[in-house]
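Paired with subunit B in one complex and with subunit C in the other, subunit A is shared by the two complexes that follow.
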Partner chain A sequence: MLFNSYIFIFAFLPPVLAVFYVLGARSREAALSWLIAASLLFYAWWRPLNILLIAPSILINYGIACYLKRIGHSNPAHARVVLIGGVVFNLCFLGYFKYIAFGEQALNDIFDAGLPLTQVILPLGISFITFQKIAFLVDVHAGRIERFTFREYALFVLFFPQIIAGPIVHYREMMPQFKVASCRFDAEDVSVGISLFFFGLAKKSILADPIGRVIGPLYDHAASGVPQSLADAWIAALGFTLQIYFDFSGYCDMALGIARLFGIKLPVNFNSPLKARSVIDFWARWHITLTRFLTAYIYMPMTLYLMRRRAANGQPARRTRDAKVATFLGLLAVPTILTMLVSGLWHGAGYTFILWGLLHGLLLCVNHAWRLIRPRIWPDTASYNRLAAPAAFMLTFLSVVFAMVLFRSPTVAGAAMLWKGMIGVYGAAMPRAILSHLGPIGGLLVQLGVQPAWTSGTMFVGAAARIGVLLFIALALPNTLELLALYQPALGVKPAGAPGRLLRFVAWKPTGTWAVSLACVALAGILSLGELHEFLYWRF
Partner chain B sequence: MRGPRAFLRIWAGSLAGLGFLAVAFNLAVDPYEVFGTPRMAGISLFKPITKNHAMLAKTNQVARFHPATVVIGSSPIHIGIDASTPVWPEAMGPVFNYGIPGVYETSTSLRILQEAVATGGVKSAVVFLDFQNFFSPEDPDPALLEADRRFRSLPDGNPNPDSRMQRANDMFLSVATAGALIDSVTTVALQRRPNVLDLASDGSGTEADFIDAARNDGMHDLFAQKDAAEAVRAAKLAPVMAGWRGPLPDLDAVAAIVAFARARDIGLTLVIAPHHVDALELYWRAGLWPRVEQLKTELTALVAAQHGAVTLWDFLDYSSFNIEPVPAAGDRRTPTSWFWEPTHFKKQLGDVMIQRMFGRSAPAFGMILTADTVAVRNAEIRAARRSLVCERKQPVLTALESPPTDRCVRIETPNRPT
Partner chain C sequence: MTEQKTLATLTLILRDLLGDNNIDLTMQTTRDDVPGWDSFTYVNFIVAVEAEFRVKFRIADVESFSDAGAIVAAIAAGRPR
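Moving on, here comes the complex of A and B:
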């Protein structure tokens, strides 16, 4: 079931909420049990077989967690073996369903093995669920979770607002909330919840989907070997960056909003990443809970292991500003690139995703290296922050846009073709109609090498205008979390100490003006559901 | 501050009220002609948005119109044939234009004819055929497309079980979507514009887009743009046809149309649609003209087997209508008389064809193809092309200023049906 569907908005969510509140008024336990049942229905709606695929994995993880809890303190070595077994089980589970066909394809490509490709039904949200289960086992092993019941564990894994596309939550940030949730109608929670939900719906259906329809053919053409001109290649790159930005931002808002209707606050997952001034900053704003997971469970353990090994070998084991290149490579570049390789693979089983992850790993290494080098060549941090900020923003933005081409392209060759187009290898072309209406400027453009093309001027102008509007919204306006900061829309979000004039003026409050404005936003979002469009992140 | 409970009350009330207004507005404007809401001057007299929803609009229109004659074809017919022109014989009226712009295959004509006949009262059908469609095998889609789901019957003639649901969905999407609301607002906004695009209740489209384009860019650009597209199309079709053996693709669709019409005693006229010489020359140069001749021959044989119950008209030739000169590049004033561009003829030419086919007097344009005339017709067209293209010293074509390289009229015998 999609959040942006009539069936979810009109047939699923209202009765689930109504029953939840009615039961909650009598018994909190009954309300939470109802929430688990509703989550199962939500998960099974698309394909009931999903439940049969995911249920054994949930049961096995619960069993491993119980065992870990029992032996944790008495036999640490055995517990460690059990933990590793549990993690391997989860990775194999994910690997089989998500990567078996890609692995066979890769073997065929490299060794011409001629393996038949295994057709596997991919359980929904398997990547998210698997990471959450791994985090749970690690937390139980580390003693961060001491008490849990099967119902609590089931609620943690299955809670439907976040089951399919995150955020990736920790047990310790969810269960305390469920334990104190009133499970009754709370006008403030519902007001904040519906506001978040319909902001998200509008982002998805009004901002993200239309630009997706514009850029789709450009990627298809590039993948089929048709060269793209400078303008078309940039429309494709910028358009997709903005499509996935508003798509994922919209999804995150909707997930936050739905959870809030049940009195639960999810962690922040998306915080205006295109405003980032470095790639490190970008990853602290984009899919924040994934970055958190990768950092805690892959990057840090790997770095610690490498530091211990270097220390054991008598090599420098700390990353300081005076570190040698070998130390930088060994302790920072290697774990960073490997972690981002995992990130790429997690996003999709394909060469383009692997390269996308590696490219971001490389960008992060360059960013880290610059952080180490910069104080030597530009010691005044204050002036650096003031003067270099615009350049840092542009460089980050262009890097992200450039990399996003890989994320969307069906093939690496298609991405390469678009990259060539972006740097002008295939020349520049504009619709003949636009050039002829530009008068002398059109003539100048032709003299500069811009070729007149028999393409639609209306579509060209429409795409450029849409990209301009979306960029303005993404870069210049406050985000949803900032708008609702007074009402803590997500875990850890607090009002800015000194909000700007615009934010003070537009900050969300339960007023009549906001109620009518939100009704307009909600209506626009609902009316835009005429065609169903899947969230991009649901495929991961 | 009123508090969250008041916020929720105002929000719910506003949402319901605004939703009701949006639905009522869409229903009143009816931008896609789904409901047949009476048109209101200044609000919904013209329906420019139907341009992108012709199948949806016309399928609903035809059910309300109950035509005696239906004209079927692709975008040239949608634009170039006026269903309400007085040149139609009175006995054939009312006439409905069921021409559908966009991707079009000959089998679609059968589906449209079935749909029109299902409304009751259709006595005659005029089906225009695009010769290019016969050079590319159709790619049958096992799943019913949206338009197919809307039709009352399945391709085999049985009732379509999906029709009611699709039509209910059409109605819902026509009143309760943002796209419909935007289109309703656009419809109202464009009413005062001169030369606004429209779809008449008899299915006839207007030429407003071409009039605007001719005014802004000139006729030469219109021809040149279409020439470029047709050149690409011809280049794609040529290799498909190079190794083709047997009857041409799509001929079975025509046979099905004939069989359907005869089974229901519907007078059927098949028409090979006219094209400007630019388009004809492109297909000559792509080596496809033998296939055009093969098409005419095979269609003639098919029609001859009906013993006079079906008529086949051919307007694909080098008559004075088809070879009209195109104004020079940059000339935005000089109009053409008969063609907007190589594949789309003007309503004036549409009227000439209607008069020629169904009237008592008309200029000599096109002819009825029969087993006795088709060979002569093909030979005459070759001679006309030699006279026009090969022996002219000055280029006469818009975008085809290079001389022909095919020794002009050397014709290879096409592969005959085995």
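Moving on, here comes the complex of A and C:
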């Protein structure tokens, strides 16, 4: 069931909430059991088989967790083996469903193996559910979860606002909330939750989906070998960056909002990543809970192992900025690139995703290297932060946009064709109608090499204007978390010390003005729901 | 060693790693509070702390230290290598 569907908004969520509040007024236990049942229905709605596919993994992980809990303190070595076994099981489960066909395709491509491709039904949200369960097993092994019942575990795994596309939550940040949740109607939770939900719906249906319809054909043409001119290639790159930005931002807002209706706060997952001034900063703002998972469970263990081995060989820790090239490559670049390779593969079983991950890995390495080198070249950090900020923002933005082409393109060749278009290899072209409307400027553009094209001027202007508006919203306006900061819209969000003038003026408050404004946003969002567009991150 | 002495030693280690003598850790300091204390420097710091105090943290603990106070507590409860 999609959050942005009529059936979810009008037929699923209201009765589920109503029954939850009614039951909660009498028995918290009954309300939470109802929430589990509703989550199962939500998950099974699109394809009931999904439940049968994912259930064995859920039950086996519960068994492993119970066993870990029982032996944890008495036999640490055995517990470690069980934990490793549990992690391997989860990775194999994910690997079979998500990567078997791609692995066979890769073997066919490289060795011409002629393997038939296995057709596998991908369980919904398997990438998110798997990572969440791995984190759960690690927490149980580490003794961070004192006790858990099957119902608590099921609630943690199945809680429908986040089951399909995150955020990737920890048991330790969710269960304390469920344990004290009133499960009753709370005016503040409901008004904040509804506001977040409709902000998210509007982002998805008004901002993300329409630009997606514009750029789709450009990617398809590039993938089928049709060269794209400078302007079209940039519309494709910028357009998709903004589409996935508002799509995922919208999803995250809706997930936060739905959870809040049940009195639960999810962690922050998206925080204006396009405002980032470095690629490191970008990953601290984009899909924050995935970055947290990858850093904690892949990057840190790898780096810790390498650094401990180095220390055991008599090489003490040294100032980060004094790192030599070999140290940088061995201790920082390799773990970073490998972690981002996993990130790419997690997003999708395909060459484009692998390359996207590797590219971001390289960008992060360049960013880290610059952090080490910069103090020698430009020692005054204050002046650097002040003067270089615009260039840092621009470089980060362009890097992200450039890499996003890989994320959307059906093939690597298609992405390469768009990149060539972006640097002008296929020349510049503009619709003939626009060039003629520009008068002398149009003539000048033609003299500079801009080719008149028989494409629609209206579509060209529409796409450019839409991109301009979306960029303004993404870069210049406060985000949802900032707007609702006074009401802690997500775990750990606090109001900024001194909000700017704009934020003071527009900050969300439970007032009549905001109620009317949100009603308009909600109406516009609902009326824009035409054909269903699934969230881009639901594919992962 | 008292908690304050441990904290002072942690401060010296972090100052040395980041080359910044203005750092003053408190029990509540988190990585977000210290400019440049990224994941790489954090792991570097943990390994230096392990060498200094002759303890070895569990990987799961390294990932979840919420603030400097949690590291101080883990050192106090640490198992010698």
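We adopt the following convention: the second predicted complex is superposed on the first by the 532 of 540 C-alpha atoms of A that agree within 3 Å, B and C clash if a C-alpha of one lies under 4 Å from a C-alpha of the other, contacts with A are read in each partner's own complex, and residues count from 1 in each chain.
Keep in mind that, in the parts below, contacts are C-beta pairs under 8 Å (C-beta built on N, C-alpha and C of every residue); 3 or more make two chains touch, one makes a residue touch a chain.
Please read these numbers as outputs of a predicted model, since none were measured by experiment.
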Thinking of the overlay built on chain A, is A:Leu49 touched by subunit B (first), by subunit C (second), by both, or by neither?
neither
Taking the superposition as given, does A:His368 touch the first partner, subunit B, the second, subunit C, both, or neither?
second
Is A:Trp454 in contact with subunit B, with subunit C, with both, or with neither (first, second, both, neither)?
first
Pick one for A:Ile206: touches subunit B only (first), subunit C only (second), both, or neither.
first
First (subunit B), second (subunit C), both or neither touched by A:Trp514
first
In the superposed arrangement, does A:Leu444 touch subunit B (first), subunit C (second), both or neither?
neither
Of the two partner chains, subunit B (first) and subunit C (second), which one does A:Thr295 touch, if any: first, second, both, or neither?
second
Which of the two partners, first being subunit B and second being subunit C, lies in contact with A:Leu331: first, second, both, or neither?
second
With the two structures laid over each other on chain A, which partner does A:Leu304 touch: subunit B (first), subunit C (second), both, or neither?
second
Under the contact rule defined above, give the subunit A residues that sit at the interface with subunit B and also at the interface with subunit C.
none
Quick one: in the complex, what on subunit B touches subunit A?
1-8, 10-12, 14-15, 18-19, 22, 173, 176-181, 216-217, 221, 225, 228-229
Could you list, by residue number, the parts of subunit A that touch subunit B in their complex?
187-188, 190-191, 194, 205-206, 432-433, 436, 454, 509-512, 514-516, 518-520, 522-524, 526-530
Parts of subunit A lying in touch with subunit C, wherever the complex brings them together:
138-139, 141-142, 144, 280, 295-297, 299-301, 303-304, 307-308, 310-311, 316-321, 331-332, 368, 371, 375
Contact footprint of subunit A on subunit C as seen in their complex
13, 16-19, 36, 38-48, 50-51, 58-64
